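What follows are several structures.
In what follows, chain A forms one complex with chain B and a second complex with chain C.
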Partner chain A sequence: MTATIVFQQAINGVVLGSLYVLVALGLTLIYGVLVQINFAHADFVTLGAFAAYFFMHLVAASYILSIGVAFLVGAALGWLINASIFTPLRHKGNELLPLIATIGVSVMMQNLMLAWFGPIPYAFETQYSGQVIRFAGIFVSWQNVIIIAVSSLTIALLYAFMKFTFLGKALRAVSQDRETAGLMGINPNRLIMLTFVIASALAGMGGAMLAPVLVLTPFAGTSVIVKAFAIVIIGGFGNVEGTILAGLIVGLIESFTTQFLDPGLIDIVVFALLLLMLAIRPTGLVSERREENV
Partner chain B sequence: MSDPALAQPWSNRRTMLLSRWICYVIATLLIIVLPLIFNDTYWRTNLTICAINVLLAIGLDFILGYAGQLNLGHSAFYGLGAYVSTLLIVKLGVPFWMAFVCAIIFAGLAGIFLSLFAVRLRGHYLAIASLGFAVIVHQILLNWISLTQGPLGIYGIAPPPSLVIAGVVIADFRNLTAFFYLVSGFTFLSFLLLKQLVCSPIGGTLTAIREDEVSAASLGINAAAWKVFAFGVGAAVAGAAGCFYASFVGTLVPDAFFVSESFNILAMVIVGGMGTLVGPVFGAILLTLLPEVLRGIGDLRLVVYGAALTFVVLFMPGGLAQAARVVLARLGLGSHS
Partner chain C sequence: MIKVLRALFVGVAAIGLLATSPAAQAQDKTIKIGALFPMSGPGSYFGAQDKQGVELALEQLNKAGVNGYKFVVQYEDSSCGPLPATQAAKRLLEQFKPDVIIGEECSDATLAVMPVIEQAKVPLLNAGSSSIKVTEPGNPWTFRIMPNEVMQGVNLADNAYKRINARTAVLLFENTNAGIGNAQVFKENFTKQGGKVLAEIGFGRDVNDFTAIATRVAGLGQVDVIPTYTLEGQGLKITQALAQAGVTKGGGGNAIQIGTIWLPFGFEQKAGKAALGYIRIVQFDPTETRDLVRDFNAAFKAKYSADPTHLNAHAYDQIMLIADVVKRGGKDAQSIRDGLAATKNWPGVTGSVEFDKTNQNTKMDTVHYMETKPDMSWTSLKWN
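Now for the complex of A and B:
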């Protein structure tokens, strides 16, 4: 019995964790190339969720397609925020200004969504939520199967892109040393734009898949992003492998805390782990040569 | 940035000090006159909230603008001050002013705790660590139901006891005007204290750490100790604000101290102009009153608020303080604080 519960919660944890990884990877990629934090990332998640919801209800009742739509909405938002906020502020030389500007954007987006969609939570039901596979006393909904399949495929594609393609290698070069990469003939500005578009697209599709799990309100993204920040730090800022590992760990912590302790304690456990991590090993699980912040 | 006072000849410094005292006198007069002009409950309430927010903003500016520590945990110090004082009064029957002092001390200690992370971390790492601290404090307030009553909140918190000297009631704090004088008086004193601190060599020390920690250390500055100091002072000021907030509003719910409150306080500091102390005063007043003035446009008022914040950062990164300096220079008045 206990073994079944543990296994069941492990699956739930991996489902949740893989979604957190999608959101956190965006933050980590942006941090890698730009050493900047985008607080509006949370609202890209929310807007991705709403885009999927309205696509399913107004256009075509296909969940898979709606994930694609959320991906595109996220990509468009990423382009917009980089062009309007990060590019103009890059030469001001103050690490704080873009962060504050994105807080402003975040407040703006949340309240625009509040004005349009209202404060009442939306029920995001898909045709896969109710279909359940039973296996040795464990329940897995098709919804969760889709989440794991889509997110692991996305993460694998991203990983392959970063490791094997020319653009991916250029991106890593820029994140290691922007000046030298520029000297090697890489245009950092275009790569920074590419990073923003990819990162935000991941947030959007993460939102579409998180929507059935979350309480879908204009403020839904905030609770996710706060955990994503913790994941990014625990994994080591700017580090892809570390982020994946930390995301899964946080997902598991969340599901086991819900089962064995109290759902109210989730954030406390996660952030206590974060502070502990920062106190003991501030470079993160998988450390990289990035000494300037630690 | 070098202190203009040091670069200028003696006579100029005297004019500067004189103009500073004139500003203080004007500020005092404004504090006295404002609640008499705005004589309805709504505006007097807003004025008091303004004073509380100014207190929060100057405390954060001391940590962020002077010591350069990116602190997103200010809402936690604020909340701890509010809950510690209220629980001491409600559960243990501690007199108000003793609870007030305890709130300040407790919040200051929380600041010192967070500064221990600041000693090791910089920039965005510190930002996330302090954000995590704020999340933990909010969640504890929310989940420790036997102590804080969680989301149900604590109701009917009494205002401070009346000030009675020799049997004569000097000030009854159930009166909004008296409460406003109390909070704004304390805020004004805190401002003077912080101004003294930043104008003393301590200010220079903190600015040196902000600009270049390694160079500061090579001059024999113990950066770690001064970070602890800056966090302790800034957090203690926020604790006082929390205590005033609780006794003014009379109701405490954990969501008043969610991390978004940290962002609000940060916005006040940035819009005002960080590292100037006087800027955040105006930033706090502006951003407290702006959503009230915009109440007419309903749901969109916070959209305008967010847009205003973004535009200030994009087009006026030095905030109101920078704008004022530009205007004064155009008028040929030169720079003064």
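Now for the complex of A and C:
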């Protein structure tokens, strides 16, 4: 086993992990603020992927621009669905209703996309897909360089937003104690909407980044969402730092399991880690009290 | 009042008589065909293309009917998986009560529905599942017109060793009955001839990024051929990842990807330059000069404004073979089963059909080889 292959697999793992992080961050944000699992998140990812695909192909725009469009489409969809479905249900006082509604939204979106886009897999080739950088036996496509760069930038901006801006601090206040935050003049409903919009925008953007990597069909998002849930649990539900760390770890586990064991064992290894974490460290990799998350 | 009632009775009786007259009966005579196709999930491209082939056949057959019979098809989404396929089969059997069923595409799904359909004593005509278990040891109600994994695998291994001069191979396959079975058949026959298998790499259908697998293959040294068994979506990503890793011809390497019947036409255009030199078995060769194939190509293009794929073709053949059985006297499940079993050298657009005692089509003219050219078109290799 050469060091080159180990290094190559490490790069592969970081690329994959960065994609997982983008998807998982939205899940963890929503859970951190609303204590709600969004089962439709995968479909926001898929719609973002299709938005980028069609924008790039119909408008003949650059791939980078299409990532921005997917971000905006995700944000708009998040606003629309939260305003029209989740918020009214949340006001009924039963926490189960919005949770079940996320399943309904997921099934509805999948079938709508199946009707619109058809079942045949799309080949999402960007101008960077076929361009490969090779040095000292290592290969990295420009597509993967973009994935790492955009993911890192997005994660850094999100982190800065949460830590240093008034809105970010307000979000954290709502996640700690929604009622007290309300008494302090913060409008929790507006911040819940903001959370949904940010999480959905991240999902859309994640879709645009994933689309050239995964198989683009109306069910594309569902293939990564199970891993994203595992990452959120391993990292600590609602914990942004933990989610980033867990995403990268899962990406690396996938690469090195493929190299040293067998790709058929990836899920066994990842979910064994998940069970181990639940058993010995149920608060996740980065331990915090839940109310301090986000 | 009595007169009115009597007139009413006579009128109703007359309508009843008319309804049971031979002319009305002829109109009501239908052969009910249940179709178990994957319409959702990663195999849904099968269902979409199968349906096109079926609809074309129905359009042609129902213009005049066959022996006074019209054909109706009820589609059910079997999703390429054992559980949804079984549920879909039960729905078909209980609600539609078909005379014959066609499908599924994925071997795991077909194997799951076979006992259910056998119990109902309805013939199942399969065109897309390659697992040997579909016809071995044999099920009196299941027929397969597609060459099974052994027929394809032995032939592919033989051609890899003798025509491509391959001596080393890496097997890539999805962890399903068909994926594992195809890979094992290739391995057995390739090693029997003197070839060496450097690695067997199986993966689940949820794997998205194949860069790690391509990296592993790149680290194995000189690889001559890479037999690959997976659905179209993952197949695209594997082909591109192998090219990026510089393993295959499409990426400047020496290895040639090869495969059996899994991928539809159009795969090369989607995979792009990465697919250069890919050699694979397809079930249908549209460049064949037989009138039957020419007519099918023309009719398909007229209806859909596109060239047919092998999936379109084998679905078309399934319906046309059933129609042939009806022409030979088939009228219900039992007689259609018997008619299928008695089929001799039936000419379809994918090739000819004649079943052995396990109900497997024995004809090798359904195995066509194609190779991807530098302009991403393909050429028929005429190896069989």
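Everything that follows uses one rule, which is that the second predicted complex is superposed on the first by the 284 of 294 C-alpha atoms of A that agree within 3 Å, B and C clash if a C-alpha of one lies under 4 Å from a C-alpha of the other, contacts with A are read in each partner's own complex, and residues count from 1 in each chain.
Everything that follows uses one rule, which is that a residue touches a chain if its C-beta (ideal position, glycine included) is under 8 Å from a C-beta of that chain, and two chains touch if they have at least 3 such contacts.
All values derive from a computational prediction rather than experimental measurement.
Aligning the two structures on chain A places chain B and chain C in a clash.
Of the two partner chains, chain C is the only one that A:123 touches; chain B does not reach it. By the touch criterion stated above, A:99 is placed in contact with chain B alone, chain C being left untouched. Of the two partner chains placed by superposition, only chain B is touched by A:275; chain C is not.
By the document's definition of touching, both partners, chain B and chain C, reach A:114. In the overlay built on the shared chain, the residue A:141 is in contact with chain C alone; chain B does not reach it.
Residue contacts after overlaying the shared chain place A:264 against chain B and chain C alike. Within the three-chain superposition, the chain C stretch that clashes with chain B turns out to be 110-118, the only such case among 20-28, 56-64, 110-118 or 308-316. Residues 114, 226, 262, 264, 267 of chain A lie in contact with chain B in one complex and with chain C in the other. Chain A makes touch with chain C in their complex at residues 1-2, 5, 8-9, 12-13, 15-16, 19, 114, 118-121, 123, 125, 129-130, 132, 134, 139, 141, 144, 210, 213-217, 219, 223-224, 226, 254-255, 258-259, 262-264, 266-267. Residues 70, 116-117, 120-125, 127-129, 131-133, 135-136, 139-140, 142-143, 259-260, 263, 266-267, 270, 298-303, 305-314, 317 of chain B are the ones touching chain A in the complex. Residue ranges of chain A in contact with chain B, taken from their complex: 31, 35, 37, 39, 85, 88-89, 92, 94-101, 103-112, 114-115, 222, 226, 229-230, 232-233, 237, 262, 264-265, 267-268, 271-272, 274-275, 278-279, 282, 292-294. Contact residues of chain C toward chain A in the complex are 39-42, 44-45, 47-49, 175, 201-204, 206-209, 211-213, 215-216, 218-219, 232-234, 236-237, 240, 244-246, 251, 269-274.
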